[in-house]
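Below you'll find the structures, each written out as structure tokens.
Below, chain A partners chain B and then partners chain C, in two separate complexes.
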Partner chain A sequence: MAYKPQFYPGTTTVGINRRKHMSGNLEKLRDIPEADVVAIMGHRAPGADYSSTHPPLKEMGEPDCPIRQIVAPTAGAAAGDRVRYSQWTDSMYFAPSTPYWRSYWGAINCKGCDPGTLSGRQIIEARERDIEIYTKQQYDSEMTDVALCSMRGCTVHGHSLRLEENGMQFDMLSRTEMGKDGNVYATKDQVGIPLDRKINLGKPMTEAEAKKRTTIFRADGLPMCGKAGARKYDEAVEALHHMWELRSKWGFRPE
Partner chain B sequence: MVTESDTESIQVEIVPSRFLMPVTAQKLLNEIYGNGGIIRIMIHGPNLPRSVPYGPGRGAPIEENRGLLIEVAGQAFELCVKVGRIRLELESDKYFDGLKAACERALPFTFQIRRGKFFHTKPTITDYAKYGKMGDARILGLIDPKAKNDRLAILSEERVTITDEER
Partner chain C sequence: MAVKHTKKLFIKALNKKFGKDFDLAGQKVEYKRLGPEQNARKREFMEYAKKVEGKRGMTGYNPYVHAGGIPLGQRQLVPYKLSGTEYVVEGDDLHFVNNPAIQQMWDDVRRTIVVGLDMAHEVLQKRLGKEVTPETINNYLEILNHAMPGAAVVQEHMVETHPGLVDDCNVRIFTGDDALADEIDPQYLIDINKVFPAEQAESLKAAIGKTTWQAIHVPTIVVRSCDGGTTSRWSAMQLCMTFIDAYNMCAGEAAVADLAYAAKHAAVLQMSEMLPARRARGPNNPGGLSFGFLADMVQTSRTAAADPVKVSLNVVAAGAALYDQIWLGSYMSGGVGFTQYATAAYTNDVLDDFCYYGVDFAADKFKGFAKAPKTIDIAKELATEVNAYGMEQYESFPTLLEDHFGGSQRASVLAAASGITAAIATGHSQIGLAGWYLSMLLHKEGWGRLGFFGYDLQDQCGPTNVFSYQSDEGNPVELRGANYPNYAMNVGHQGEYAGISSAAHAGRMDAFACNPLIKVTFANPGMVFDWADVRACFGKGGAREFRAAGERSLVMPAV
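Presenting the complex of A and B:
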């Protein structure tokens, strides 16, 4: 029987969502044009050339190396692109993703990227044309709710603050706004420089939908132990206890 | 046995479950003011900078945070913070129920209201270093030690000291 990764234990919706994020088997909820994603990232003007740090690999004459022969370079690496980043802030009020799960998603599903996990934000670095693809995937999929998640290259705080009256995550730089038509619009790029036009990101999730798609265990949502009052803890907690025990007693060696 | 005086001032903190838009903040503050009995009041929340403070976009203007004027009891001032918490001192206990009702009228969502001790009574080292000896003890606890001198608001039935501006 072929090996099938399990990714994450548990039967709760949060456990299922975490498995979806890690496996990359995500539902596509919206389609934001590539040019708009590039504009929000703010590294280059849409349609402009990619800046490079070295000539294309084909022109460089790489050394004879078996690993280089096995592993095909990503499009960005082959072209010699600069390394760029996109950074996300996800509200703790039931945002679909969290820094850890964005990193798991990146590390497992995105070739040639470097995810960085912080308490309130998550950054992925990769070659420019690769990171643009990865960022679009994040924007378009159920990893992102346009009200509760936003791309913030700096002044990232907001993830642990209360939401605004209209359900948006607080942003000191007001990079996104809720339109009168109920759609969320990006008005600035990820570092707060105004865009030349407003970019429609679509409608935000309802509170119920955000709770359904979240990867956050919360006492006022779904606790990690599973349904309150159940006779048995969810497998996620059992697995965690198991890892804790192995790690505490013998050093963590999953075998 | 010590019996507490019913005319003793009380301190109250109001924490809405969402950050308030300027319109709602104005409505709430006016309702609170209408209830009366305020000795001092402080609004608190995350800073709203006028321009991008750091990063590659440093210095870019943030138009959304400019000109957020609200009018409370006929006096206009500019908001510098996203209103997330209001602390106030009332003359006596009898204004508390009215305050709660005022919050219920003004806020379209849930909020927490609690009594406690929220303003300090002795000047801190920072207070002393920045303002010297303070004549009026009501200023204590209203000053953000990190803010500049002009970023202070005191809204009270009697106008008290220092610049009457926003915090």
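Presenting the complex of A and C:
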């Protein structure tokens, strides 16, 4: 029988959503044109050539190396692209993804990438043409809600702040805005440089839909530990207790 | 399962921050984007910068170059309430550059050295045949309190320091020998029987025994010009000169070398260890200060012994300012941002609320402090409960979440509350530390995020070192310090570890956590910083009510 990864414990919607993110088996909700994704990333003008940091691998005369023979390079690595990034900020008010689950998605599903996980932002770095693909996948899928999530290279705070009155995640640099037509528009790139045109990102999720797709445990959504005075631990907590205890005891090693 | 504590101590602070009638539970708000002008301190900075700019002839502080012209204040710039006090100050007032009390706290550590008297007395008696009596000791202490600030003895023509610049310098002695203590002039004595509660005094005297120690605090201005490594040298020179004067010795005889050796090495207790070469710091610098020593420096244990949470949280505050803001934030990283993270542990009564919740819960269940079994199961039960409570508060009060807007802040507070609870409940710091790491993992599991770069190395790998006693990774928490492997990187940890060290002993009602000499030395009434009420003293500093030592204004033209 072929091995089937379990990814994550629990039968709750949060557990199920976390498994979906990790497995990469995600629903596509929108189709943002590639040129628009490239413009928001802000690393190269849409249609421009890719900058490179070394010649294509085929021209480099690589050493005889068994690992190189086993692992096929990504398209970006093969071409010698520079390494660029996309960084996301996800609101704690039921954004579909969270920093760790973006990282797990990247680490499991995206070849040749380097995820970095912080509390208020999550970055993935990869060769430029590879990261463009990975970024579009994130933008288009249920990992992202265009009101509760946004790409922010700097000045990222917003994940823990109250939402704007229109339901948008706070952004000091106002990189996105809610249009009168109910669609969210990107007006600046990742680092806050104004775009030469507004990019329509589509309509945000309703609160109910965000709660359905979220990967965060919350007391006002799906609590992880039940309620004070009536604790009931999610299976994720029981698994974590087990792991923490074994780590602690391993460190003791009385022998 | 009983839930006793429902005080929500942080609500008062949130009302002060956001306004009395503000909806603290609302998840949506209109952001007014009022910029820096909304805040009195930022306005003061801008006005002063204009004056400075004229004088300097070049630009300086200008918040409008921030983020491409979008300045701070796109959301409300809120003040901070010092936990457990009524002080409300601006965030800027808690940066150590702007807060003389925080500076003095650190100055008080690095200007302190403890030197034994017994070894010197043996040299005087056995080698030189001198008589040592309470009278000669009192005479010696009078001369020493003249010499230690930088005045001459023995020499007939010598430069000296201005007494007005060095008035904070003093030397007192202490001993576990009540008979000797009775004979010492009270102005030169730290009287253990008077400054400590009776049970703590007995415990301290038993630990110190018949030995006698000098609590030496060299002038603040000296360590601000030099560094903590100077303290033992400065004090040793003045000690030797004083012995020569007080006991009529030959200034050049070889016996002086014995006194110097005792004063510099053999009978010396530095406040902190020298660091490895890559850190390039001598002794008496913050990186080598153990958590147990810091726990003993803070004196809340003798003034509020019945409230182990208060004891622990004053230690946390001292550590957050010293280890996070000064050591990691400035010595190590050279940045200015650490204050924002560190203050979460000692402002707005958040950590207080979470700790009192946990300790009430544990005391109710186990019938008192330090009564719970010292087991990993207790750490699991308490840390899970406290961490869940804390996360629920952040979820229920969006203004609270916004106040601790960084994951590092929340991680530190949740884990500290878990660790302090487990330590007070069991009276064991290692159980407290186990609770700390479980909280970190639970926090990450619940919200899918943790602290700076996930606190991956320090906290997600941390459980393996809790019970380890292998030489390069083990140690009781009390003996670990800022340079312990894996601890020398993240803000929001070291002060809290010191708090956990303190909590175990505060729960047990111990007189000291690690070293009785440190505990008594910092009970010296001549300290400039208020070591019994750390958070209030920070508040005084922020409110511009605190006068620090080591100032040079006496010898400079008026501004």
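Here is the rule we use: the second predicted complex is superposed on the first by the 241 of 255 C-alpha atoms of A that agree within 3 Å, B and C clash if a C-alpha of one lies under 4 Å from a C-alpha of the other, contacts with A are read in each partner's own complex, and residues count from 1 in each chain.
The criterion applied here is as follows: a residue touches a chain if its C-beta (ideal position, glycine included) is under 8 Å from a C-beta of that chain, and two chains touch if they have at least 3 such contacts.
In this text the structure is predicted, and so the values were computed from the model without any measurement.
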Simultaneous placement of chain C and chain B on chain A, clash or fit: clash
Chain A residues touched by each partner, larger count belonging to chain B or chain C: C
Which superposed partner A:Ile67 touches (first chain B, second chain C, both, neither): neither
Which superposed partner A:Tyr100 touches (first chain B, second chain C, both, neither): second
First (chain B), second (chain C), both or neither touched by A:Phe217: second
Partner chain(s) touched by A:Thr117 [first = chain B, second = chain C, both, neither]: second
Chain B versus chain C as contact partner of A:Gly192, first or second or both or neither: both
Contacts of A:Gly153 with chain B and chain C, given as first, second, both or neither: first
Chain B versus chain C as contact partner of A:Trp250, first or second or both or neither: second
First, second, both or neither for A:Ala208, with chain B first and chain C second: neither
Contacts of A:Val237 with chain B and chain C, given as first, second, both or neither: second
Shared chain A contacts, counted only where both chain B and chain C touch the same residue: 154-155, 157, 161-165, 170, 172-173, 192
Chain A partner contacts - residues on chain C that touch it in the complex: 1-3, 26-31, 67-68, 70, 74-75, 376, 380, 384-385, 388-389, 391-392, 395-396, 398-399, 401-402, 404-408, 410-411, 434, 437-438, 441-442, 444-454, 456, 463-470, 473
Touch list for chain A against partner chain B, complex: 42, 153-155, 157, 161-166, 170, 172-174, 177, 188-189, 191-194
List of chain A residues in touch with chain C within their complex: 18, 92-93, 97-101, 116-120, 154-155, 157, 159-165, 167, 170, 172-173, 192, 215-220, 223-225, 228-231, 233, 236-237, 240-241, 243-245, 247-253
Chain A-facing residues of chain B, complex: 16-21, 24, 46-49, 52-57, 60, 62, 64-65, 82, 84, 108-109
